[in-house]
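The following pair of complexes shares a single chain, chain A, combined with chain B in the former and chain C in the latter.
Moving on, here comes the complex of A and B:
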C-alpha cells in the first residue's frame, strides 16, 4: 500500500512537469525524488519517458484532416451523398455559414453548427442524381396508351372513377382509419337512362348529384376495409341503375308538386292566357276547344309559353324577365 | 365582530407569551413578498462574462422560428395528423438516453429526425473518449433504441475538439 501511495505521488509530480514550464521542472524533480522511487513492473521503462503518466500505452492521435481537403473538383458527388443524410461539415466542401450573427460579427461557421443539421437538405438530389434515378426507374414504366389522348376519350372508355387515399406517417404503425374511404364518381350522361329513369335516379340520389358537372358521387366509409367499401359502392351504383328503370305502380300518382321542372301544358298559366285572348278576341268565335287549339298554335302564344317555362325553370334574371316582357307585349298586342 | 376580535386578540396574546417563553429557540414569522413572475424556461442566467454559450443556449425559446430551428420535426404535429403525443414521449426518452449514454460528451442538443418509419438521431460529441469506445456506444444505442421502438434507428455522430462557442455571458 505504501508503495502504491508513493507511485501515485510520482505520477502527480510528473504530470505537473509536463504542464508547466521547464524552469520549474528542477524544483519539481527535487521535490519528487524525496519519495522512494519504485517502478511498477508493468511499466514501459522509466516513467518520465513520454511525460503523460505511466499508464498511457499509446499517445493520443490527432484528428485527421477533413475529407473536404482531399476532394477533387470533378468528383462523383453521388458517392459522397447517395441518400438523404443530415449535414456533415467535413464531407461538404462549401464554406457555408448559418445562424444569426453576434453583434459586430458574422454567422457561425459550419463546424459544430446545429442549425445546419436541423434543417432538411437536398444534397442527395442534384440534377445528375435525379437523372440517374430516372434511368433506373425507366425499365419499370410502361407508355401511356396513345389512343387515350383527350379527357373526353378517357371519360368515354372509363366512365366510372374510383378515388381513395393512402396515408403515411412517422409512427411505427401503418394503419390509418381514413384509408378505408372510397369515392365513386360517374357522369349520368354516360349511363343509359331515359327521361323517367333519370328523374327517378335524381330523386333517389338527392344531394350526391352535382348539377353543374353532371357527376354523381357515392362516398362509402361504413365498412372497415377499402375493398369492402369499393364493393359496396359498386353495388349501390348497380342497384340505383336498375331501380330507376323500374316503374312502380305508385309512381303514377306523381302530382304537380313532385315535378322537378315546370311543364306548361295544362297549367294555370296556359288557361289564363287562353281565357284572356278569347275575351280579347273581337270576333266572338265562341269558347270551344277548336278556338283554343288555334290560339295555341299561334307564334306569340308559343313565345309566351317559352318565356314562362324559362322563367319558372331558370329563375328570375335580367334576360328571362326581358323575354317575358317582350312575349307578353306581343301576345296582348300592346 | 367584537367577540371574534377579542378572541383573536386573546389568541395573539397567547402566541406572544408562548414566543417569549420559548425565546431561546427563536421565533418564527411569516414573510410574504410579491411574486416575481420571471420566465426561466431554457435560459442561462447572465454571468460576469466568463460563461460560454452555444448558439442553442444563447437564444431563448421565443426565438424558435426566428433565429433557431426545431430540434425535432415530425408530421404528427400537422393539422389532421395523429400520434403527436407518442412522438413527443419518444423524443423525451431519446434525449435522456443520449444524455446518459454519452455522459459529458454531448457538445450540443440532440436533433431527432423521422423519415417514414426510421428514427435518425443526430448528435455532436466531444472527443473525450477513445474512438473505439464511441463506436461501441453508438452501436449499443442504435440496437437498444431500435429494440425499444421496433423501428430502424440510425445515429449520425460528429465529433469536435471543443464546444462551438457562440458568445460569452
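Moving on, here comes the complex of A and C:
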C-alpha cells in the first residue's frame, strides 16, 4: 500500500498523520509502439491453420523496442510516473530482478515478472515529485512561528503533545475505526511534582512511563470519536496530577518492600555497621545516640553508605562489588 | 659445564615430598633408556633410580644445587632457578618450597606448595573437594596453588587486631574457579598458626536429603537432624584434637532427664557425648558452637577460632526438606542452621569468619548466578553485612602455565599432543582457563 506521511505542526501542537490508501483503480496506460504496420499473419481467433482464407485473424504486431531505450538520462521522470501505477518493465530503465533465484542461478528479470507487479512501488514519489507536492501545498499552510526554532523551546512552551492518525482510503466507506486513537505524551520533568507526588504518579501510571526518556504516554481508544478520546486523555492527565499530590492516610503504611529505591537510614546495614564500630571502639564510650551520630559523620562510614546504596540500587557488578570491598576494608580498618 | 643438565633432587629431608623426578641429562646419556620417559608414572621405581643417580651426581658434582632446566620434548624439570638464568624462562617454576602459608607472599603467586601429609589427615577429613581428594590420592601429595584471593585473606588475617569483632570474608566467583580450594588454603594457614578451625564443608547438605528429621527437644518449634550432626561432630573431633581437652565448658547442659554435662568438663567429653547419643547430637553441636563463640577472644582463652563455611548461602536459602504436612521447612527451623547463623554474626571476637558462596549445591537457584547479593538474598546479605567480598577468578595465564606444568610433571597428561603448543592452545580454548574444567579435560588426556 503506498502511503504518504506528512506531519504538520499547528499551533496547539496536534499532529495529523495522513495517509493515502491505494485502492484506486489502476490507470491503464496504452502502449504505443512504433511497430511496423504490415505484420505477418498470426493465428488468432478461429482455428485457421494457415492464415489464408476468410477468417484471418487480426495480424499481430511486433512488440518493438521498449521505451527504456529511448529515455534520456535527464528526462522528466514525473512525466513517466505521474501517479501511483503498477510496475511497467518497459518504462523503467533499471535492471531490477526479483524473486527466488533459479537453482544455481539468479532471480528472474523484470520482464514479465509478476512479483514486481504485485508489490507496491513508490516510483511516483521521487524527491522531485515530493518537492512539487510541497510547492503545491504551500499556499494552504501557515508560517511556522519563528520563536520556536529549537526542540527545547517547543518542549518548554508546549509540553503536552497529542498525536492522532488520519486515514484515507478509496473504498466504500470513508471511516476508519483506528482514527479514534489518541496518544498523549508529556515529560514528567515539565510537571510540577515533588518527591512524594512523583513516586505516587509512577506507581499509578505503571507501564505507561518510560524511564529513559522521562515521557509519560497515555493512549486512549475507549471512546468512539477522536474528540471524546482527546477529552478523556486530558481528563486523565489532570486527575493523575491532582491525585499524586494528595496524601492518603493509608499511604503512611508504606513498608520497606514497597519502596522504589534503597534507603540506607534505618536499614539493617546501618545497624550492623554501627554495632560493629561501637564494639570496636573502647568499651567505655557507651551506647548512646551521640556516639552513633558521631560515627555516622565519619568519612569511612559515608563511603560505606554510598557503596551499599549503589550496590542495592544499581545491582551487582564487578565495579560495585569492588567499591563495596574497599569501603568495608576501610571501615573495619583491615 | 653449561651443557650439563643435571637435576638434583630436592632435599631428601622435605617431609613426605617424594616427587618422581624425571631426569634427562646429556652427560648420563646411557642412562636415558632406563630413566627415560616411562609410560606409567612409577614413583617407587624412578625414585629409587633417582636416589642412585643422586648419589652418583653427588660424587661427581657435589656442589651442584641448582640447574638450568633443559627443555625436552616430554618433561620439564624445575627447581627454584638461579635468578640470572630464570629471566628468560619465567614460567618454568611451578613449585615453591614455602610450604608454610604464613611465609607465602606475592612472589610465590602461581606456584604450587605442598601441604605436609601430617596436616592433611587432621585438617581435612571432610573439607577438600571430591575431585581434589582423588587427585591427592593419585599424585600422592596435596599441592595447592598460591593464588591472589587466598593470599589477600591471609594477609588480612595476619594484620587483624583480634580484640575487635571477627571480620568476615566471602569468596565468590563463577563455578569451578577455586573458591573451596582458596578456603582450604586459608584454613591451612589458620591451622599452622595454631587456631581452632570450625569447618563446615558444605552447608547445603544440611538443607537437603534429610533422612531423619526429629522435633527438637530443646525448642519444640525447631527440627533436629541427628545424622548430619553426628557426621559433622565426628569430623570436628578429628580436626580439633589438640583443643578438646584444653577447652572447658562454662555452663551446665542438661540433655535428657538423666544426662547432663557439668560445668568445667572438657569439650572432648561434650563431643563424644554428641557422637554416642545420636538423638541429642544437634543440640550438642549448638552447645559446642556456643561455647567456642563465648570463649574465643576472652582474656583467658588460648586459642583463636576460625569459622569456615562452604556454601554459606545455604543458610538463607530454601530447603527441600518437608515436614509431615508436606510444607517446606524454613531454614530457621533447623537447629543446625539456627546455631550456625548465630555463629556467623560477628558479635564475638578473637577470630575470623571465612566463607564461600556456592551455586553448585544450592537449591532453587539458577545456574548463572554467582554474585553475593543474588546468592545470599536480601536477608542473607543483611546478616552478613559488612563483609569483605573476595572475587576468585579463573586462572590467569601464568597460573594456567603453572598448573599445566604441574600436570605434565605428574605425568597426568599422557596424550602426546597435549605436550605440543597446539595441544595447549586447544586445552586453553576448551577450558577457558577454568580450573575445574581444566582438571576434567586433563582427566581424559
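Going forward, the second predicted complex is superposed on the first by the 189 of 334 C-alpha atoms of A that agree within 3 Å, B and C clash if a C-alpha of one lies under 4 Å from a C-alpha of the other, contacts with A are read in each partner's own complex, and residues count from 1 in each chain.
Here, a residue touches a chain if its C-beta (ideal position, glycine included) is under 8 Å from a C-beta of that chain, and two chains touch if they have at least 3 such contacts.
Just so we're clear, the structure is a prediction, and the values are computed from it rather than from any experiment.
J.: Quick check on the superposed pair: does A:308 touch chain B, chain C, both, or neither? Answer first, second, both or neither.
T.: It touches chain C, and chain B stays clear.
J.: Does chain B (first) or chain C (second) touch A:99, or do both, or does neither?
T.: After superposition on chain A, A:99 lies in contact with chain B alone.
J.: Looking at A:88, would you say it contacts chain B, chain C, both, or neither? Reply first, second, both or neither.
T.: First partner only.
J.: Would you sort A:145 into first (chain B), second (chain C), both or neither based on which partner it touches?
T.: neither
J.: Please work out whether A:325 is in contact with chain B alone, chain C alone, both, or neither, and reply first, second, both or neither.
T.: Second partner only, chain C.
J.: Contact-wise, after the overlay, does A:115 reach chain B, chain C, both or neither (first, second, both, neither)?
T.: In the superposed model, A:115 contacts chain B only, not chain C.
J.: Under the definition above, what is the set of chain C residues touching chain A in their complex?
T.: The contact residues of chain C facing chain A are 156, 159-160, 164-165, 167, 346-347, 349, 371-374, 382-383, 385-391.
J.: Please give the residue numbers of chain B that touch chain A in the complex, ascending.
T.: For this pair, the touching residues of chain B are 54-56, 59, 67-71, 74-76, 81-83, 86-87, 107-109, 111, 113-117, 120, 122, 124, 127, 149-151, 156, 158-161, 163-164, 166-167.
J.: With touch defined as at the start, can you tell me which chain A residues reach chain C in the complex?
T.: Checking each residue of chain A against chain C gives 267-269, 272-273, 275-276, 279-280, 304, 308, 311-312, 316-318, 321, 324-325, 328-329, 331-332, 334.
J.: Would you mind writing out the residues of chain A in touch with chain B in their complex?
T.: These residues of chain A touch chain B: 63, 84-86, 88-90, 99-100, 102, 108, 111-115, 117-120, 168-172, 176.
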